[in-house]
Amino acid sequence: MKRIGIVDTTFSRVNMGQIAIDALKAFGEGIQIERSTVPGIKDLPVAVRKMFRERNADLVMALGMPGAAEVDKTCAHEASQGIMQVGILEMRPILEVFVHMDEAKDDKQLAWLARRRTEEHAENAYLMLFHPEKMIERAGQGLRQGFEDAGPVRE
Amino acid sequence: MKRIGIVDTTFSRVNMGQIAIDALKAFGEGIQIERSTVPGIKDLPVAVRKMFRERNADLVMALGMPGAAEVDKTCAHEASQGIMQVGILEMRPILEVFVHMDEAKDDKQLAWLARRRTEEHAENAYLMLFHPEKMIERAGQGLRQGFEDAGPVRE
Amino acid sequence: MKRIGIVDTTFSRVNMGQIAIDALKAFGEGIQIERSTVPGIKDLPVAVRKMFRERNADLVMALGMPGAAEVDKTCAHEASQGIMQVGILEMRPILEVFVHMDEAKDDKQLAWLARRRTEEHAENAYLMLFHPEKMIERAGQGLRQGFEDAGPVRE
Amino acid sequence: MKRIGIVDTTFSRVNMGQIAIDALKAFGEGIQIERSTVPGIKDLPVAVRKMFRERNADLVMALGMPGAAEVDKTCAHEASQGIMQVGILEMRPILEVFVHMDEAKDDKQLAWLARRRTEEHAENAYLMLFHPEKMIERAGQGLRQGFEDAGPVRE
Amino acid sequence: MKRIGIVDTTFSRVNMGQIAIDALKAFGEGIQIERSTVPGIKDLPVAVRKMFRERNADLVMALGMPGAAEVDKTCAHEASQGIMQVGILEMRPILEVFVHMDEAKDDKQLAWLARRRTEEHAENAYLMLFHPEKMIERAGQGLRQGFEDAGPVRE
C-alpha cells in the first residue's frame, strides 16, 4: 500500500485534483489517496510539505494552471522552485503538473490538455512508486505528458 | 480559536492591513488577530516568520503593493520567494496578497482592487483554517481575487 | 540598549556606512553600533550573518550601490536574495539600502540620493526597534525612502 | 571502489543514462554504478539526493535534455538550482549534463552531442573521484564538453 | 596563520587559480593555500563548501570565466546563488572572482583582465582576513577589480 497526496487549486479552470484521483484509482487497490485544495500555485509548496509531514504521503502530485500574463509566469517559476525545495527537504518525489493557459488554443483544448497531462502524470506516479525499473526502460524515449511524444533520436 | 497574523507595509498606498482585519472580524469570534507593519515587501518574510515564532500565528496574510517599474518587479519576485521559503520552513500557510500598481487604470481603481483582493483572501484564510473541505469543493472553479472570476472550462 | 549592525561596500561611490552611523547617533544614547565593510554587494549576506552571530546585532542595515549594467542588476538580485535568506534564518530584521546608479541623473544627485535614502532607512531602523506601533500608524501611507513619498490613494 | 549514481529522464530524446554507464565502465573495475530514471529534469534534484542518501553514491551524474521553448529554459534553470542545492546540502559533487535541444542543428547532431558531452563528463567524473590532481593540471585550459575546446588565452 | 582556499575551473581560458596563488604568496608567510579544480562554475559551490569543511579554509576565492551566450549568463547566475548560499551556511567569506568573456574586447585583454581582477581580489582576501579595519577605510571609494576604479561622488 502506497499513499499519494493530491494538491490542487481553486485558481485552475479544471478540477485537476479529481481527474488525478480518478486516474490513480484505475491502477487498482494498492493506492491510498489524500487530497487538499489551496487558492493558487504559490500556496502549493506548503500544502505539499504538509501532505508529507501530516498525512504521510509517499509521493505528491502538485496540480495547477498558471495564467498567460508575465506576472503569472513569474508566479509559476516561484511555485516550481518552492515545490522543488520541498522535494529536496523531504527526499520524496513530487510530480508538478502545470498546464499553462497559453499552451492551448481555446477553452476546450485547455480542458483536454489538463485532463490528458494529469492522467499521464498519474501513470508516472504509479510507475515511480510500484515499478521504478519500468521508468529506466523508458529512459531517453522523448516522452511528453499531454501533447504528442517527441520520440527518440539517433546518430 | 485560531490566530491570524497580518503583516503589511508603509510603502503600500492603501492600508491593506486594516482592511484585512476588518474583513476577518466579520467571520466572527473564533479569530484572534496579530499585526505588524514593515517598510516594504522585502521586509515581509522576516516579519512573517516572527509572526509564526513569536506570536504563534496559525496562518499569516502578507500584504503589499509592488510598484510598476522593472526594479519593483524584481523586488516582488524576491519577496515572494522569501515568503514561500518561510512557509516551507514553518509548514503553515501564508496568503501573499500583492496588488501591483500597474494592475489598476487609476488611483481609485487601485484602492478598490487592494480592498477587494484583501477581502477575498481574508475569506480564503477563514476557509483554509476552519473549513478546508469547502476549499476542495471550489477546486478548478477558476476563482480570482480582486477582478472577476475566470470560471471553469469543459472539453 | 539595542545593537545595530552597519555593513557597506568599497564598491559604493558614497560612504553610506558613515552616513548611517551619523543618522543613527542622532536618535540618542540607546543605540550601539557595529560596522564592517566588504568589497561588493554580493559579499553582504555573509557579513550580515556574522553581524548577527558574532556581534549580536538586533537589526542590520545592508548598504550598497549596484551599477547600471545588466550584470549589475543580476548581482543586486543575487545579493537581495542572500540578504533575505539571512533574515529568514536569523529571524531578525535587515534593512537593505540599495541605491542603483541609474536612479540618479548625475553624480551630485547620486550622492544626495544615497544620503537621503540611508537617513530615511535609519529612521525605519529606529522605529522598528524602539516604536513598532508607530510603524503600524504609517501602514499604507505610500512612503518612499530617498525620492518623494507616493502618498495614500482612496476609492 | 567508488560509487557513481546515474539519473536521467524519459523526456530526453537520447538514452543518456546508458551512454554514461558505458563510458564509465571503460574506466575499469573500480566503479560501481547505480541508476534511476525520472520523468523530467525538474524531478532530478530529488532523485539525485536519494542516490546519495539511499544508495550511497560518491558522485552523481544528472543527465537531461531541456527543450527549446521559453518555458523549457525556465525548467532547466529551476532544475539546475535544485541540483546545485542538493550538492551543497550533501557536500558531494554532481555533474549536471544538460543538452539543450536548440544547441544542435538537427536530430542527428543532437544525438551526437548528447553522447559526446555525456562521455566527456564521464571522464570528469572519473578524474574528480580518482585523480583530482589531474583536474588541477587542466585548470584554465578552456575545456568544453561536447563541442570543440575553446583553449587557453594569453596576454 | 590563515588558510585560503582556491577553487577554479577547467572551463576558464586562464589559469586563474595559479594567478591567485602567486598573488597571495606575495603577501608573506602568514597564508596557507589549499587548491582544487572543477569542470565549470556550477561545480564551484560544492567545491567551495568542501574547502571549508574538509580543508578548514578561513576564506575561499571562487574563480571562473562565464561564457558570452545567454545560457552562460544563466549558469553564472546559478553559480553565484550557490556560492552565496554556501557562504551563508558556513558564515565565512567567499570572494567570487568571475570574468565574463564578453567583458574583454579580445583574447589578450581577456587574459589581462582575468589576471588583474584575480590579483585585486587576492588583496581583498588578504585585507579581510588580516586588516578588516582597512576595508572600512576604503568604504564608499568606488573601487573596482580589474578595470579602473569609479571613485567617490559628492553632493
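Letters are used for the chains, namely A, B, C, D and E, taken in the order the chains are written, and counting of residues starts over at 1 for each.
Here, contacts are C-beta pairs under 8 Å (C-beta built on N, C-alpha and C of every residue); 3 or more make two chains touch, one makes a residue touch a chain.
Computed from a predicted model, the values in this text were never measured in an experiment.
Colleague: Which other chains touch chain C while also touching chain E?
Modeller: Output, common partners of chain C and chain E: nil, no chain qualifies.
Colleague: Looking at the contacts, which chains touch chain A and chain E alike?
Modeller: D
Colleague: Quick one: report the Å distance separating chain D from chain E, using the average Cα coordinate of each chain.
Modeller: From the centre of chain D to the centre of chain E is 25 Å.
Colleague: Return the distance between the CA-based centres of chain C and chain D, expressed in whole Å.
Modeller: About 41 Å, centre to centre.
Colleague: Chain C: which residues touch two or more other chains?
Modeller: Each of 81, 85 in chain C touches at least two other chains.
Colleague: Please report the chains around the ring in sequence, anchored at chain B, with chain C in second place.
Modeller: One full turn from chain B through chain C gives B, C, E, D, A.
Colleague: Applying the document's contact rule, which stretches of chain C touch chain B when the two form their complex?
Modeller: Touch residues, chain C against chain B: 73, 76-77, 80-81, 84-85, 87-88, 91-96, 100, 121, 124, 128, 132, 135-136, 138-145, 150-155.
Colleague: With touch defined as at the start, can you tell me which chain B residues reach chain C in the complex?
Modeller: 8-18, 35-39, 42-43, 45-47, 49-50, 53, 71, 74-75, 78-79, 81-82, 85-86, 89, 107-108, 110-112, 115
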